[in-house]
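Each structure below is given as structure tokens.
Paired with chain B in one complex and with chain C in the other, chain A is shared by the two complexes that follow.
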Partner chain A sequence: MLDADFFRRWMTATAASVDREAERLTALDSAIGDADHGSNMQRGFTAVLASLEEEAPATPGAVLVLAGRRLISTVGGAAGPLYGTLLRKAGKALGDATEVSEKQLAEALRAGVDGVMALGGAAPGDKTMIDSLVPAVDALGEGFAAARSAAEQGAEATIPLLARKGRASYLGERSIGHQDPGATSSALLIAGLEEAASGASGE
Partner chain B sequence: MKMLINVPETVVADGLRGMAAAHPDLTVDVENRVIVRRDAPVAGQVALISGGGSGHEPLHGGFVGPGMLSAACPGEVFTSPVPDQMARAAAAVDSGAGVLFIVKNYTGDVLNFDMAAELAEDEGIQVGKVLVNDDVAVTDSLYTAGRRGTGATLFVEKIAGAAAAEGQPLERVEAVGRQVNENARSFGVALSAVTTPAKGSPTFDLPSGELELGIGIHGEPGRERRAMMTSGEIADFAVHAILEDMPPRNPVLVLVNGMGATPLLELYGFNAEVQRVLGERGVTVARTLVGNYVTSLDMAGASVTLCQVDEELLRLWDAPVKTPALRWGM
Partner chain C sequence: MSDEKRVGIVLVSHSAEVATSVAELAKGLAGGATAVPVAAAGGTEGGGLGTSAELISAAAASVDRGVGVAVLTDLGSAVLTVKALLAEGDELPDGARLVDAPFVEGAVAAVVTAATGADLDAVEAAAAEAYSYRKV
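And then the complex of A and B:
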């Protein structure tokens, strides 16, 4: 079973990998976007960690709802509302339980991803974060490691795609050949689950 | 790339502190990133609120004042503001007559303003919205995020702002804003890429002998790259692209807008070519504005915006305005 501490470790691990990969995210974004995805995500997850420390939410659901709210109020751009909705909806789906199963987490993340698709209007294949999140959630039943590799493969699979949503869509054919920065940061988020499960504090 | 900054992290806050010092008619909340006209809320008037990523100055903060915006919410550089900013602005400027959000059509701006509208409505504030999407360079609206909001934003903010200043109700001010957007089209070109403070190097590589046609205002590359053209050739290309999309039946307002790093001398020369093409195409020009209004940091280049106006819209365009960047009649 997964408790609030697991979800805090997940956010901490994600914040650390976003920090580590910020320059790469920004470089990917400068090819087909506006060169700020890394710094925006960094600002958001730094704020998430500060809020988790300050408010110490007691349940898995509360951790994710708080994290989502902080991302919405600090990231800006499309990433803020989209990542914020992902975590908030997932958190709400977990309710008030003090511990949740991996299956419940998978279902909650599915609800979160559905919320992202409803808000942003993107479908699989549009070259967005959805292309890494959907395969990851599909693979969650086989464990966190499987979800991680599905997310990473999904992110890499955006390279030949033509962007149909977000700022990269304005490039038309010229968006082909570049990995989507949103799908890449989504893979970092999913990878954080495995790190949290490995029991390390993630610091 | 050398920049006149302290550190990239404080660029927006530093700019806001300087704006506050330069413009005592504005109240600038540096921490919460909200610029409000000092006399707000103004009784009986709809309040216009806009916002967007920083890096497009004077848009939007430079258009706050009587006859135009009541508040502006600057985000990080090229990143839309967060919902809390617009909700805070709405609470500060609403007189009870409602607020009108003016939103440039980018995924992030739309999502954050929509969330802000929910927050403001929860507080009992009436919210209207005008989406600006004037960029004809985006031809495939079905498979993209739709046309981008660029130069027409200035026309929407000025003309709807004049309607609000006359005490027109929210539905009417919103309708005027939409009418302006529906009758406005823009096309932009870049002669150089843009350098954001966070990245410190150009966001794309544009060789010296080439230009980018159909650019946005965020340093995103355009749709097509060509060998460098003359001012006259660029004017032909840009104006034809606009007229192909919108053959005007009425006189037009013309905005020849610099992207930030193109000298005013070149912009005026470019305007001469734009006016020549319009003359050749039989388009009547009602008013012309030349300058750096909707910029993209240090990008060299320009955009052309045409807005068809009837007598009423022209009257509202001519109405008094008093903001840091646009001021006449008062």
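And then the complex of A and C:
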């Protein structure tokens, strides 16, 4: 079972990998976007960690709802409302339970991803974070490692795609050949699950 | 007439200068329209280009007279942030609504209409109708 500490470790691991990969995210975003994805995500997850520290939410759902709210209010780009909706919707789906199963987490993330698709209007194949998140959620039933590889493969598979949503869609065919920054940061978020799980057994 | 409550207008742009200038333009073209509460929420809190949920919430609260707030946006994260704030439920005043309208023309139509004392539905309709004005 996964408790609030697991979800805190997930956010901490994601914040660390976003820090580590910020330059790469911004470089990907400068090819087809407005070159702020790395710094925006860093600002957002730094604020998430500060809020988690300050408010110490007691349940998995509360951790994700709080993280989602902070992302909406601090990221400053489209990633804010999109990641914010993902985590907030997932958190609401988990309700007030103090512990949740991996299956419940997978279902909650599915609800979150549906929320992101409804908000942004993107579908699989549009060269967005959805291309990493949907395969990741599909693979979650086989464990966190499988979800991580599915997310990473999904992100890499955006390279030949034509962007149909957001700023990159203005580029038309020139968006082909670049990996989508949002799908790349989504893969970091999903990879954080595996790190959070290994943190529990190792400590 | 002067103590009648007007619909509030919030203008959200990636740029503080754009949001502020469009607010002034709309008020100017509405003949002053001093009775209409209009607030700009442009750029990030740090003064850069982007969208700030905090600035949007503060702007909406500042123009809320209890008869509805029409929120107009430019593009991308401005649209998504307002939608996400509306979904939060308590981040924007009751009766706040994202209006689907062109930013400049819609803002002018919204402020002019709000100045007449029209309700939120009428303000929204006027702003949305700006899409149908063809230039060629």
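We take it that the second predicted complex is superposed on the first by the 199 of 203 C-alpha atoms of A that agree within 3 Å, B and C clash if a C-alpha of one lies under 4 Å from a C-alpha of the other, contacts with A are read in each partner's own complex, and residues count from 1 in each chain.
What we mean here is this: contacts are C-beta pairs under 8 Å (C-beta built on N, C-alpha and C of every residue); 3 or more make two chains touch, one makes a residue touch a chain.
All of these numbers come straight from a predicted model, not from anything done at the bench.
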item	value
Simultaneous placement of chain C and chain B on chain A, clash or fit	clash
Touched partner set for A:Ala35, first chain B, second chain C, both or neither	first
Touching partner for A:Ala78 - first (chain B), second (chain C), both, neither	both
Contacts of A:Pro135 with chain B and chain C, given as first, second, both or neither	neither
Which superposed partner A:Arg69 touches (first chain B, second chain C, both, neither)	second
Which partner reaches more residues of chain A (counting touched residues only), chain B or chain C	B
First (chain B), second (chain C), both or neither touched by A:Gly91	neither
Contacts of A:Leu171 with chain B and chain C, given as first, second, both or neither	first
Contacts of A:Thr26 with chain B and chain C, given as first, second, both or neither	first
Doubly contacted residues of chain A, that is, touched by chain B and again by chain C	34, 36, 40, 72-74, 76-82, 119-120, 166-167
Chain A-facing residues of chain C, complex	44, 48-54, 76-77, 80-81, 83-85, 87-88
Residues of chain A that touch chain B when the two form their complex	26, 30-36, 39-40, 43, 72-82, 119-120, 162, 164-167, 169-172, 174
Residues on chain A engaged by chain C in the complex (per definition of touch)	34, 36, 40, 69, 72-74, 76-82, 84-85, 88, 119-120, 166-167
Contact set on chain B toward chain A in their complex	53, 75-84, 106-108, 111-112, 115, 137-138, 140, 143-145, 148, 196, 198-199, 203-204, 216, 218-221, 223
